[in-house]
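Every chain is named by a letter (A, B and C) in the order it is written, and numbering of its residues begins at 1.
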Amino acid sequence: MGTVSRGAPSRGGSLAAERRQAYLLVAPAVAVLAAVALYPIGAALWLSLHRHIVVFHERSFLGFANYRFLLADARFWSALGHTAYFTVVAVSAELALGLPLALILHEARRGRGLLRALVLIPWAIPTVVAAKLWAWLLNPSYGLINRLLGGADINWLGHPVLALHTAIVVDAWKTTPFVAILLLAGLQGIPEDIYRAARVDGASSFRIFRSITLPLLRPALALALLFRTLDALRVFDAIYVLTEGGPANTTETLSLYAYKTLMRAGDFGYGATLSVVTFLCVALAAAALVRGLGRGWEEAR
Amino acid sequence: MARLSLEGVRKVYRSGVVAVHEVTLEVADGEFVAIVGPSGCGKSTTLALIAGLEQPTSGHIRIDGQPVEDRSPRERDIAMVFQSYALYPHMNVRRNLAFPLEVAGLAREVIAERVRETAALLGLEGLYERRPRELSGGQRQRVALGRALVRRPKVFLFDEPLSNLDAALRTEMRGEIKKLHERLAATFIYVTHDQAEAMTLSDRVVVMHEGKVQQVAPPREVYEAPANRFVAGFFGTPRINLVPPSTLGIERADGLEVGVRPEQVAIGRGGPPESALAAQVYLVEPTGAETWVTVALGQARLTARAPSDFVPRSGEAVWIQVDARHLHWFDAGTGRRVSAPPSP
Amino acid sequence: MRSRGRGLGYAVAVVALLTFFLGPFVWQVLTSLWPDDQLGRALPRSLTVGAYASVLGGRPFVRWIANSLAVAAATTALCLLIGTAAGFALAKLEFRGRRLLLGAALAISMFPPIATVSPLYLALRAVGLRDQLAGLVPPYATFALPMTLWILSSFFRQLPDELYQAARVDGCTPLLAFRKVLLPLAAPGLFTTAILVFIFSWNEFLYALTFLSSPEKRTVPVALSLLAGEHKEPWPEIAAASVVATLPLVALTILFQRRIVSGLTAGAVKG
């Protein structure tokens, strides 16, 4: 707006006035975002520098003491480890499952719409419902899974390793459709002519997939990877409903630890610290992914 | 009165790209001016600047003497016909035509009258209730024209309006636009990449290349006295032959290039007339009405327009002859036209 | 030119996938009709709607649905109101900070919700909105509004530039061009955005869990997670509640599958 140099002395004019209308149109959105997103982050940062126990109305400034405590907090590092493990395994599974699913949806001729709708249902329902669904399937006494395993007595949610993987299954079940939809869009963006040319050149189906489909799918894969990774790092709902972080905090993720500190212990100061650090982890992952994938993105374009 | 003038108009984008370099142009009231050039030459940007859809980085744009470079399109009293017609898909033909008048706040009766008038002029009655998607290409073109006409603006702007039509329709619509201009006697600014359109329609042609104006002149002059090598090569089908003078047997040492139009190259078989040059046929293209023969002459190639019954074989020996009065001389370095130099 | 084997392999794959993704549902529906005393068996011998009667009659189920509906509707309305004009401006108008705003919207949608819980809790409590349904709308907007901006700016961008330019030349200010020409054409995009924001709001859990405490204010996801029986978890009831609660979502998904897909991929594949 005013950055372009004007040789003429006249300023303003209706063109400039209309350009100002743009600011009017975005102002409400900017205001709301600043209020509900930017302010709380700043406030959380400020809170994290305090000791603030809500119930006792206790509040004192601590500087970076909370952060020093955090670095030595074993429970934090466990939570970080659980979160990282959860993310890596869940996202890998979702990409590995999502690609075949996308390919199948792409091949569908009749009933394509219905198929897509049915497959989207897990995505559309609340995570709570999904968790309850699987919790029942994995119920030690009455669950279908144990019955199908010949009356086994496995306590899926009571065993530390199994519990985390159960959460991963729930997450994958719920979000693979989303990944598949993203990849499907990518598949649909590849012109049919390229496949025809490849077939005329004598390439086998597998060769076509490896040398043409996959490379051209890179932007969509990168996008799915980015979104899912950031979502997985923030996981809360599924774990809370399935295990509440148990047994004995072995499935506790960062978000869950922060939540318990805030709402169970009422320690808003340290809870804010945990929240901020979680935010930093997600931000770092985002930056790293965007940097690393951005290059691949540009190449594929 | 609808004079348009551009003074030193320049458009530089934030990325640093200079789309338009210092364009200065005076358009008289009622004149049909075509702005022509290859894609990316800045002609559409210039039109957008005149319309107010973009703002110039520097320079003035005046309509009837009033500076308008700071004014929004609605205050410039101009109308525009777009390449894709840009008809409002959710409105029927009647509402498309009426829309500009509704926005201007005219009375209902006035709007109805003008719409009726314009529709009659363009043969659109009976299409009132149709939506744009139910119209043919030619019909959509007419509605786009009508939407511009209905406003009775000072200046009409056309942005490659015929590019989306097939060849036959294009020729027909071209004639209609020319007729329209005669009838309205209004100021038309017409952007196209098609040199034939520019030649047949306009009173004056503005040739642009890489953001700079190459020449502003009536079509005849642009064809017969092109200001530089680019303009010479842009107009005329097949393209003008541009060769070093030695190819034509003219020895010069002053770094000039010579151009000769294919229709000025005589070609034949058998005994060559005086001052003819021997050549070998390279390519033969019969077009029905005539034959375009490209010959190899030393290192160069020349194209000649021959009668349709002259169809030599590739590799055949022929002679060509050029009239020295119809040669165009250009500086080989700058490409600028130089007047016919005296023979050495 | 699909060979027989290929067709069979495809059919098998489809069946396997449908089983994996819809099987749990089918099982849940079956569970909801399972008589309590027959839970020990492999399959029920008879079916009963007792669980449904208990859920719909004995629990304030309608209340929960009403709560979720209210919050989701309010969030959707707010986001559409604010986001439509902004989406248009982001797509069609030139102004400083445009890329910044889009980038900021994307970044904000990547926040971990837990990060804003603590200050929001204190802020909502300060203005008396802590245990109120209306208090959920601002935090929901944190994620719904960026989503709205991205989807709508993508939809507006798909509308041809020349349409906007024609409206300008015909005498419209940017605002008028938006109202009379672009907005009507973006209606499908608005509808899609509404569906996605609605689904997001309905399914949201963390904020609803944290900011609401009164039992009668619970939204559906929170209520479902807290459904407890005297002795053990009342699985048929939970199943019945799940089925009823997700029926509208399932219907939405099946009816508007195409829109949902276009909304999810809007702007995504185009970058």
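In this section, a contact is a pair of C-beta atoms (placed from the backbone, for glycine too) under 8 Å apart; a residue touches a chain by one contact, two chains touch by 3 or more.
From a predicted model like this one, the values you see are computed outputs, not experimental measurements.
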* Structure fact -> Every chain in contact with both subunit B and subunit C is listed here as A
* Please indicate which chain is farthest from subunit A, where distance is taken between mean Cα coordinates of the chains. => B
* Asked: Hey, how far is the Cα centre of subunit B from the one of subunit C, in Å?
  -> 54
* So, what's the distance in Å between the C-alpha centres of subunit C and subunit A? -> 15
* Separation of mean Cα positions, subunit B and subunit A [Å, integer] -> 55
* Structure fact -> Expected list for subunit B, residues touching two or more other chains, is 52, 72, 74
* **Touching two or more other chains - residue numbers and ranges from subunit A** => 3, 18
* For subunit C, what residues touch not just one other chain but two or more? -> 173
* Which subunit A residues qualify as touching subunit B in the complex? -> 3-8, 10-18
* To do: Sort out for me which residues of subunit C touch subunit A in the complex.
  => 10, 13-14, 17-18, 20-22, 24-25, 27-28, 31, 39-40, 42, 78, 81-83, 85-86, 88-90, 93-96, 101, 104-105, 107-108, 110-123, 138-139, 141-142, 145-146, 149, 173-175, 178, 199, 202-203, 205-206, 209-210, 220-222, 224-225, 235, 238-239, 242, 245-246, 249-250, 252-254, 257-258, 260-261, 264-265, 268-269, 271
* subunit B residues within the subunit C interface of the complex -> 51-53, 72-74, 78-80, 82-84, 86-90, 99-100, 103-104, 147, 151, 157
* Report the residues of subunit C in contact with subunit B in the complex, numbered from low to high. => 160, 162-163, 165-173, 176, 180-181, 184-185
* What residues on subunit A touch subunit C, complex-wise? -> 1, 3, 18-19, 21-26, 28-30, 32-33, 35-41, 43-44, 46-47, 54, 100-101, 104, 107-108, 113-122, 124-130, 132-134, 136-137, 139, 141-142, 144, 147, 173, 176-178, 181-182, 184-186, 189, 219-220, 223, 230, 233-234, 236-237, 240-241, 254-255, 258-259, 262-263, 268, 271-272, 274-276, 278-279, 282-283, 286, 297
